[in-house]
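First chain A sits with chain B, and in the next complex the same chain sits with chain C.
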Partner chain A sequence: MTDERRKWHERLQVTLWTLIVPPTVWAVHFLFSYLWAAVSCAKAGVFAEFPTLFVIGTVLALMAIALSGWIAHRQTRQRGDPPPHEQGTDIDRLRFLAKSTLLLAGLSFVGVLFTALPVVFIGDCR
Partner chain B sequence: MAGKSLVLWSLVLTGCNAHQSALAPFGLEARSTLWLTIVLAAGGLVIALGVAAIYVVAARAPEGKLTHESGMRLVLWLGAVVPTVVLTALLIWALPAMRPLPAADSDLRIRVEGEQFWWRVTYRQDGAEPLLSANEIRLPVDRTVVFELTATDVVHSFWIPGLAGKMDMIPGRTNRLVVKAEKPGTYRGVCAEFCGLSHALMAFDVIAMEPAAFDAWLAEARVRPVGQPRERGAALFAREGCGSCHSVNGEQTARIGPDLTRYGERLTLGAGILAPTAADTAAFIRDPQRFKPGARMPAYDHLPQEEALALAHWLKRNGKPKTPEARP
Partner chain C sequence: MSLHDQDDPALRAAQERRLREVWAPPKGLFLRWTDTNNNQVGNWYVLTAFAFMLFAGVLALIMRTQLAVPDNDLVGPGTFNQLFTLHGSVMMFLFAVPMFEAVSIILLPQLLGARDLPFPRLSAFGYWSFLLGGVFVSGSIFFDAAPDGGWFMYPPLTTRTDLSGLGADIWMLGLSFIEVSSVAAAVELIVGVLKCRPPGMRLNLMPLYAWYILVVAVMILFAFPPLIAGDVLFEMERLLDWPFFDASRGGDPLLWQHLFWIFGHPEVYIVFLPSIALFAMLVPTFARRHLLGYPWIVLAAVGTAFLSFGLWVHHMFATGLPKISLGFFSAASEAVAIPTAVQIFVFIVTLWAGRVVWSTPLLYATGSLAIFVIGGLTGVMVALAPFDWQAHDTYFVVAHLHYVLIGGTLMPLFAGLYYYWPLVTGKKLSDRLGRIAFWLVFVGANLCFFPMHLSGLEGMPRRVFTYPADLGLGGLNLASTIGSFVIAAGVAVIVLDLARSPWRQRSPRNPWQAGTLEWLAHPEDENWGIRSIPLIESRYPIWDQDDFVRKVDEGRYFLPDAEEGRRETIVTSVLDARPISVIRLGGPSWKPMLTALALGGVFILTTYHLYWAALVSGIATLVMVLWWLWTGTAEIPEKSCKPIGHGMELPLYISGGASPGWWAMFITMMADATAFSGLVFGYFFFWTRHEAFPPPELATAPGMAWPLLALALGLAGWIATIAAREVHARGAIAAARMLLIFGLLTSLAGVPAGLAGPWLSGMDPTANSYPAIVWTLAIWTCLHAAVAAIMQAYVLARSFAGRMTPHHDADIRNVTVYMHFFALTALVAYATIGLFPEMA
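Coming up: the complex of A and B.
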């Protein structure tokens, strides 16, 4: 019993982590992009034009999201009973969280790209 | 073809207000914004019709025809992949349009100051002496023009719908708006930020001219007219102290009211609200509040009608129009 529960906890923790990682990365990237532009405009008076740091940050964010998406994808593929995976069992719950993470990772990936595009295309503080 | 359909659209949508409408563009930015609007509206219509069609098909499909899997595939494609691609395409198309046009130092700069309830206009170029004007903006087509926008009292907003988006005029700040007119003609701009009693009566004429005609006009306007102090109007103007607020003869010293140096060439009176006839000009001088509540010009109702008319006639002789193609 105790053994069972520990395993259950462990698994849930892992998937909950991967669940919030993509949107969190997206949020941080979003915040950083806007603060970066605002601070640069207010303090330096010029738009931070496509700085290397921004490119690195964006690539890192995309990689982190892709990685958690990939992990999630692996977990949806865990062996178990045949579909539909809609039972209240541990393995089905895990599959559900993993699938949600995968979808969130897709959304966050596009979100980060959409946040980065204006930085590339708008070169002015106005 | 594309140009023709755009014109057609504009005609259908603007009715008879083609001189002040974002749907009848005469400038680069307004034109690309109109295209974006048309594409978005048409796209929205297509999506709405498409969803309705899918709904009908799904509702009428025979039992067992639709599978869970094909439904999920539909959601994946029409719900995720296609919107992502469409939104990305729209972003890549629209974002560069938000980028301000590039401007060189040698480009014409037109400084416009919003006042309750009129516009002070100053043309500057290449270190030449600035030219003061009011309530009317002339600009050359096919050239980049930089508007430097500010205000002296409250926040106003500068908007020429057919030319470009609007831009706030904020006291103590200068906002830049870079534009490029494309089609000569007579248009109209307005104040787009509530600024007091006569906010709705604060407009201006916009005259887009062929570059050569514009250069000729600017050169001619820069030549300071020789005053005719012996005329009766000039004497009245001096006697009544109009010169403490208005400049005539291009002195540019009195700046409290609109510059009246080239008043005779104006298309409107009182910042776009009246025809500049002698009769209306005289009526305005005797009682500005009647036409513009809250206007910052005292009423000269003690002036006999005959003297007000003499003043009006004299003002209207200033800077007679020499560019007939600009007349509507």
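Coming up: the complex of A and C.
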């Protein structure tokens, strides 16, 4: 299959760095949440009734994780060798990294939702 | 050399003779300790860590004896404090972490079909550092000088010199030294996994043990440096009275708790994952099938690694942080249960789908999973802040952490011991004794630690040396004490089993009929690691590849010879393990041991306030390191390429991103940058804790001018080094040298410029936390400028000595990596101390 016939998301290089994109987004979001709450509470004593900044950050994080999960999902479905996809071929290596990225995207998505929950239920800085 | 040449037995014998000669261990009473081969160093490492485990176990037995009955007076409160502090510290720093490094140093080259890890002398250096630091810390109890502030050493109890003695310094400096050796091991293991795999072993064929080790070593890079940063602040307070943790002068004891637990929580997973990794090797062997769900294990390892950095505040639920912050950490603490459970299910499913062969290692594996799951469930309980407030600092937490660590670290290591003993010694351990020991440990652990849940909930606090009979906790405590002695009996049976091993018969090769590479190891124990480096086509090559063992043994794969009389292994690419180069490995040498001694001197002499002697020791360390680098690295080979068989020729010299040295520098600097970010965190932490930061009387200190000048000098040195690298690669050697001299001068000038800001504005670091943290950031950055100057001078010297040429330019490429990180450090440090006060 030549490069011209493949879609953009199939041409993306999958590496160890792309594998850690979803959990890195989780980590950045987590750090952002922690700093946002710590600075709001330490400096202002409160955080807003509707925390716009926090909501934007969370939606962005979820979108980034979903996108990387979707790309990974498409990459796992590239045609190639027969199952069980455990051989030392280009396509099986690609499918493995893509599958792992997809699984990490799932975990990271849940992780971001978990992190967002306290803001829904805890309204002040006590 | 083609496939058919290897049909000639005479040729094979000649190759084997050369390999044996090259890899022969040094002999003699003293010389044998100069060995750097992973087999020897790994064995010393394991035995030493095991000895520390027994030592810390004895400390625990003394504590349990003291607590067996109410109002006991076997040991006094002072001794008891030393006992529990040392028990926790030794088990964590001198047993669990070093044991994983030790096991990896033995196993990883075998698993990866490499002759050795890429930096054998670094492993040896790590071992000697560990031994020296470990003996120093542990030995202190025999002089009644052991640390006594608990394994997490909370200030102000431990920073006030009127409340705590030498023990706190011994803990800080001794264990900082051990942390250096852990970071060294992390560098070694990451580069080993990424760059020293056999041809064909793509990422998706890598043994899962290697995946786990890669993940854990990366975790070390991000977890240990914040503790090193904390240690720096801590010792500055103890030795120089800089008030980082002193609330009366603008400091905050909670900063220590943050820095400690950013290390301390990932640490739990750092000791858990490599032990569970042993299951990923032995479960498929005894299930007689491939492990199911290979990507799920990768998910579990990588996911746990990330989430584990979002858990640290769950040790601080009772410190009065805003509930919203507690909520975030509680959420992450619950989320980490997902990847942890995934790997347990993968093991269960693999056993379910396989044809299980029952064995002693598998008995330990299943038993430890049961114990670990109980610890995991109580973990889910204490991850909930309201429950934690009730259970905090009670024996419930002691029960929880021991279930996790015994089920997640200790018993998996025993499983690994029974599984891998034949690999190391060529002899199996006794199944009968192994099972007796298992049942003693399993029953003992439950008898010892289960009652602690109850005594904790009924109000037994941690770290008390005795308790009154009226509490009604005598029975539960007695049960725990009996249990602890039953565990000890189990461990004694294991020690007996090990002690009898030399008199047992040799077992056949690969006694468990496993499928992975490490079982190529020969019972006759050749020192060369692997006869020829195979081409890998499967996750279980011994099971799946035709005639695999015979082809390896007959040298039919790669690099079956050592024609030039050098220790060598193959370097491959990160993703697909394509062969890139053959590297020469360091042989036996005194340098690692002497360097460890010199560095140990810095830490140990500082403990006793012998600053001049410590300075001499520091200079000796620098000289040793330079000597080691000069004589042992980036050596220009006698020829550019060498054949490795099958018509392939590989270069003997590589530089830049493909080379192990470049990766080692990159990884070391990641750790360095993490430690630095711990210090920067301190600065901004103080900012959030104070109404006015900087304090009004220091609002104009250190000013903008000097920090920005120092930044400009730092960036100039960085750009000059990059330019030097580029023109050097194009052959303009003289121009490169000029640029390096310019860079050297700017780096040197950066040192006084960086210190001038706080100095000239009269900032007194003992007065308040603000000047103290500004000085710390400035000194840190200036030390890095000084190291940059040393590196630039080193590269210049290499160039003048003809040891670096445009085609052999590893030195300048590695130094450029350092300079990237230095520029980033200077940018963040000087922008923080120079510009942030203008904005705040």
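Please note the rule applied: the second predicted complex is superposed on the first by the 107 of 126 C-alpha atoms of A that agree within 3 Å, B and C clash if a C-alpha of one lies under 4 Å from a C-alpha of the other, contacts with A are read in each partner's own complex, and residues count from 1 in each chain.
The rule is simple: a residue touches a chain if its C-beta (ideal position, glycine included) is under 8 Å from a C-beta of that chain, and two chains touch if they have at least 3 such contacts.
Note that the structure is a prediction, hence the values are computed from the model and not measured.
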Joint occupancy of chain A by chain B and chain C, clash or fit: fit
Comparing the two partners chain B and chain C, which touches a greater set of residues in chain A: C
Which superposed partner A:Leu19 touches (first chain B, second chain C, both, neither): second
Overlay on shared chain A, then closest C-alpha pair between chain B and chain C (Å): 6
Contact residues common to both interfaces of chain A (with chain B and with chain C): 110, 114, 117-118, 121-122, 124, 126
Touching residues (chain side chain B, partner chain A) in the complex: 80, 84, 87-88, 91-92, 95-96, 98-100, 175-176
Complex interface listing, chain A residues touching chain C: 15-16, 19-20, 23-24, 26-27, 30, 33-34, 37-39, 41-43, 47, 86-88, 90, 92-93, 95-97, 99-100, 103-104, 107-108, 110-111, 114-115, 117-119, 121-122, 124-126
Sites on chain A touched by chain B in the complex: 106, 110, 113-114, 117-118, 121-124, 126
Residue ranges of chain C in contact with chain A within the complex: 200-205, 290, 294-296, 298-299, 302-303, 305-307, 309-310, 322-328, 330-332, 334-335, 338-339, 536-539, 574-576, 688-689
